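The two complexes that follow have chain A in common; it is paired with chain B in the first and with chain C in the second.
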Partner chain A sequence: MTVMRVGLLRRVRVTEGSTAVVLLTALFVLIAAVTVPRFATTSNIQALLLSVSLTGIAAVGLSLITLVGRIFSLSISSTVALSTIVFAECLPYGAWLALAAAVGFGTFVGWIQGIIVGRFQTDPIITTIAFSAILIGAGELATGGLTISRGGDAGIFSANLFGIFPFQVFAFVAVSIGIAVWHRFSVPGRRMALVGLNEKAALVSGVRAWPSVVLSFTVAGATTGLAGGLLSSQSGQGNLILGGTFGFDAVTAVVVGGIAVKGGRGSPISAAVGALFVGLLGNVLVLVGLTYEVQLVVKGALVLSAVVLTGVASRVRGGRSR
Partner chain B sequence: MNPTFLYWNFRLLIAWGLAFVAFIGFSVANSDFLNAGNIYSLLQSLAPLAIVAFGLGIVMLAGEFDISIAGTLPMAALISVRLSNSLGTPAAILVAIVVTMAFGFVSGWITATFRIPSLAVTVGSLVLAVGISFAIANGQLVQMNDLGAGFALTQNLAGIFSLQSIIELVLALAMIPLVRRSWRGRWLYAVGSDGDRARASGLPVRTTLVSAFVLSGLFVGVAGALQGVTLASGVAGEDDAFLLQAATAAILGGISLTGGKGSLVGVFGAATLLAIVSNGLGLVGMNSAAIQLVNGAVLLTVVILDKPLNRLSFRYLQSSTLTDQSQHKESHV
Partner chain C sequence: MRRSGRQQLGESQVSEAEALLGVRRLSKSYGGAVALDAVSIDFFPGEVHALLGENGAGKSTLVKILAGVTSADSGEIHGPAYLAGDVAMVFQELSVVPEMSVLDNLVLVASGARRGLVPYRKVRLAARSALVSAGLGALDDDLPASALSLAQQQLLEIARGLMANARVLILDEPTATLSDPEIQRIHSVVRQLVADGRSIVYITHRLGEVFGLADRITVMRNGRVVAAGRTTTFELQTVIENMLGPDHVVPQKSDSVDLASGTHVQLRDASSRGRFSDITLTARGGEVLALFGQIGSGADEVVRAIAGLAPLEAGSFALDGAEVGRLDRSAAQKLGIAYVSADRVGEGVFLDAPVTTNISSGALGRVTRFRLIRRQLEIDLAREIAEVTAFDPRRVAERVSSFSGGNQQKVAIGRAFATKPRVLVLNEPTRGVDIGARAEIYRSVRKLASHNVAVVVYTSDVVEVRELADRVITLYRGRTQSVQPVAKVTDAELLADILGGALT
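Here is the complex of A and B:
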């Protein structure tokens, strides 16, 4: 528990990928506020936060999988898509119940994948690719590829809370802070970090890997379901095409946030900052007048360089590669 | 049967056995299955799958994984379609292949130089490839004017072949002896099973890794460009279904996820199995969603059974060779 006593501030170093992204984001906001007209307006900030929040929620959950040393889940997009369908199906029975159903569905799907990856020690990427195919196939059989709209009112999730931001922005902030605090100060959270850093050392000190893996996949599933439910609440509809770019946006956020792909190093809050940074970049690129296509290319280049940078940084600090 | 042979070729035998069973099963179940026309369409779907699965398999033998296939395949199709109107079809195909090889080179170079997990690196190149695809398509369905090239590629040759399937199958089958017999092929196995020892023995680890990724890029480029030309149109996006099939073929065919073990003969058997199953299920009227579901379930079953099956065949090997165990010290994960 010495890690806790060291405190938050003393561990902040500029070489740390996540710190660099925070500084970069702050710098970017400053430059954008001064040079780009229409950036520092209330409506633009609101739009920016709204566009970032759902990806951010999914990314924060996904970061737990990365932190526990299981790289990524590639079934985020399909889980989001199916969650929108679950939400739309349950909406007539009440908005909160529909949201709970979507979260419950995501949790269940994540839990199954966690059991497979953790207990049967399968490769996370392959397992989640296969699971994604099963989910999409099942969803297409169930819906016939059609849009689900059963009526019902989900207005409470899009109405502005306290007159400032809509519910999903608050959900994003709450989920990010909640999961980050849980990961840093709770016993299960610390176990996850240990397993991610060094699985053998964890085993020697009596911490088995698979419960942490199952836990991380389950929480990631829950946040993905939440993102899907909130996405569906915007239109009250569910569709398999919804959530198409979610998976890669979440991966982008995690990687850009500076979370080491090899596991252990970083905090879920970095994923939230990463999502914010990517959203900010997209927002500014639009304001400057670049097209959506160019944004995608920039995003790809960004991910690739972030992977390299965090990889190099963790190698320099860690001394040797594992 | 020789237990050593059984241990090393366990998956290969399963893949070919299942492919054989599926072939017999569908021929009995549906009389249309053995039609020359159906065999032709079976080969049309097998050839691109086999070549892409071989590229992925070679990368996996070297202990890495190339997820960017899902993005570079549609990108190659788009490039060849887009450029054929201005450069002519052959040059357009060439450019598409060069671009995907460049993608392979960059992924391989980053992976080998910075020793970052290739899964993370290729997720990056996947996002980049999808971005470039959208930039090329510019929000539209891209079409080409030169329809003759597509007809020439898909024209029926000798009843069941086409120029497209012959090119892809020949290119794929040529890799089998190269990987099995040549020095460079053996380096792949050495690098994949233990990179540090391979480096200590003086093998060119980085060159081997980079060439594996470049080869994968070449094969994806060929498959994607030919697909684009035969369809005469391209859409931006990612082809997850194809990546799923290629990965299933490589893993089902016996290529170990940790690298260094497996053979392309097994991958070919598994690709044949997948092509037969997709074709046969389509023939009996199953829709594509159900086929994708079956594919996903097959892959999931294989990854779950991977370790128990490996352990089982390893035990069988040990129990039958108790007398000369020293020869088979093969460490087992």
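Here is the complex of A and C:
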């Protein structure tokens, strides 16, 4: 019996955790379309994609940190919050410039954390928590806790491309595919994967860990800044309370997407699918009339079960390799 | 054998007691490889029983069976100690937890039997007596284990074995990493333990200590007992001959290449404190240079230094005559120095990745076109390397974790080959690899060497020196003992060199 069970798990593993999530998501859409009355309407699908896009962008960047073996960044929320302020401050000088400023800010913040975690080999969780505190504190000092609204027009970022495709959704798709392709086919992307798979073995091949770590944090910072800028563009305002749920949602997306928390295996595209799945779940829960609190419980339970499942899968794998 | 009659023995004046533990016709094989072939041995109380043999002779399989870590395919184990589960094993690798106190290290073992709270007072008493028996009675048991010397840690390891008050204690190379005065300390503890009526199974590669310590010797080779008896019936030469076997042939080496013109690596007066000192060597393209020494001799640290994984504190390193300053692993790789680690699972391969990713990991430039990694190029490269290092080219898309140890090692070596190195550094390249794969690995390394690649290999296995190397440097405690062409030196001389002072 044990043999049978192991065999089954092996086959699941071969098809990759991410494939399982894709299938699950597709199944979920099908069931929802049939059973939930207002699900399959254009406006609902549009609202769903919009709600998923920004956390999805942040999650895809975050997944690089996970893939390089540095678990998570817990400064996503605070970076998003400060990026909204940067965006709002710069908006009078033009929407694109404001967006570039938000991305630039996120990139810089990510780069510094990458240097600390990579060069000084600090614990990523503790480092990013500390950084989060610094960011929020500095933001409070700069804004006095007030909403920043300097005027300017960010309308182009809420326009629909080709009539139906919201700009944010377009950005989400472009970022996901772009980063996934870069991770899969570029030399720096491959180095990240090697470091995540086995840091010592990578060093034997002359691939040092820290440049990959710095790179992953920098790109994650850029996507987080992008998410913050686009979030701010919806209202033209910046505020420290914006983006509060981004951190948890991005982590949820990475874990549910099936990316191994210990690093190496998986693709950033899995995080995008994970974000879609979590958004879908939340959307359906709202449609069937469940409250925000219940949604939170469901999301938490989802993360736990995903972590347990990947744990079981890796133990099966570990048992075979020894 | 001579128990009927219970006659007095001339040399010991003690009648031979009943064996505490024994095995009869014990056999075990892994896959097709026979590890133990009808082995019969008895272990008597009050005796130190030395178990000798080359790597792969079957010693570790035997003691693993005795300790209940693995089971035999056939044969029987008997004796009062076995029936009572009274056998404890002290492993070669230290397993003390450095951050924990001496006491807690002992509690760790004791609490294994019962879950829940640790009965501290009771355990403390047991720990105290174990420490006294292990010669650590004077030690403050609240000290962290990391504060102890290597020898004390080894003794603590023995104390852990004594916690269960085992009557048979298996010591696997307890002195491999120790210096002479420390070895003496271990010996006196071991003598005290047998004086209390215990039986000690003692595995060692230091033949010198065997004659001073052991009451009885069993020599194993290829899974069989080839010689057994009281220590007084042996001489060093007979032990070595028995270990190596009669049909120990020297394989034909490729003819000498023009050595003057090719690649060469030079170390001059290289030192690294506590590891090795004043090492001078030259490795030339076309030849395989072996550094031969025991574990802890510093020879492995020398090859790690050449690969850029350990810094040199003094001396110089030159490649093709040009001096290289700071050499880290990444810089070494760029200079064309490839490395194959002794730690296959830890750093030799990427277990969770397919063969293709493993092979291309050090040679990403060879699998890119327009700066993008091409899957087809990776597959082609992996197949090309598979031909050279003799693993199945049809399996290049499979994950390395599904491979056997020997095939994993071929992938680890393939990673180095794929970089087209000028210098190939190997650290124990066939540790834990079966005979067939071993021969294929030797062949592929020799072939690479013939293409003007300088190969430097660390090994602790004299057979490997024979079959792989052209020249051999022996090391003992971080210093060069001799530099000789392999063809002009006997195994016995080599072993004597790496055992250094322990022989005299």
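Here, the second predicted complex is superposed on the first by the 302 of 322 C-alpha atoms of A that agree within 3 Å, B and C clash if a C-alpha of one lies under 4 Å from a C-alpha of the other, contacts with A are read in each partner's own complex, and residues count from 1 in each chain.
The rule we apply is simple: a contact is a pair of C-beta atoms (placed from the backbone, for glycine too) under 8 Å apart; a residue touches a chain by one contact, two chains touch by 3 or more.
The structure presented is a predicted model; accordingly, all values stated were derived computationally and were not measured.
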Who does A:140 touch here: chain B (first), chain C (second), both, or neither? first
In the superposed arrangement, which partner chain does A:185 touch: chain B (first), chain C (second), both, or neither? second
Greater residue coverage of chain A in the superposed arrangement, chain B or chain C: B
State whether A:130 touches chain B only (first), chain C only (second), both chains, or neither. first
Touching partner for A:208 - first (chain B), second (chain C), both, neither: second
Kindly classify A:200 by the partners it touches after superposition: chain B alone (first), chain C alone (second), both, or neither? second
Touching both chain C and chain B, counted on chain A across the two superposed complexes: 321
Okay, in this complex, where on chain A does chain B touch? 71-72, 74, 116, 120-123, 125-127, 129-134, 136-138, 140-141, 145, 248, 251-252, 255, 261-262, 292-301, 303-304, 306-308, 311-312, 315, 321
Any idea which chain C residues touch chain A in the complex? 309, 329-330, 332-334, 339-341, 343, 345-353, 357, 360-362, 364, 368, 371-373, 401-402, 415, 419
Which of the residues in chain A come into contact with chain C in the complex? 184-187, 190-191, 193-194, 197-198, 200-208, 264-265, 317, 320-322
In their complex, what parts of chain B are in touch with chain A? 65, 67, 106, 110, 114-117, 119-121, 123-132, 134-135, 137-139, 240-241, 243-244, 247-248, 251, 257, 287, 289-297, 299-300, 303-304, 306-307
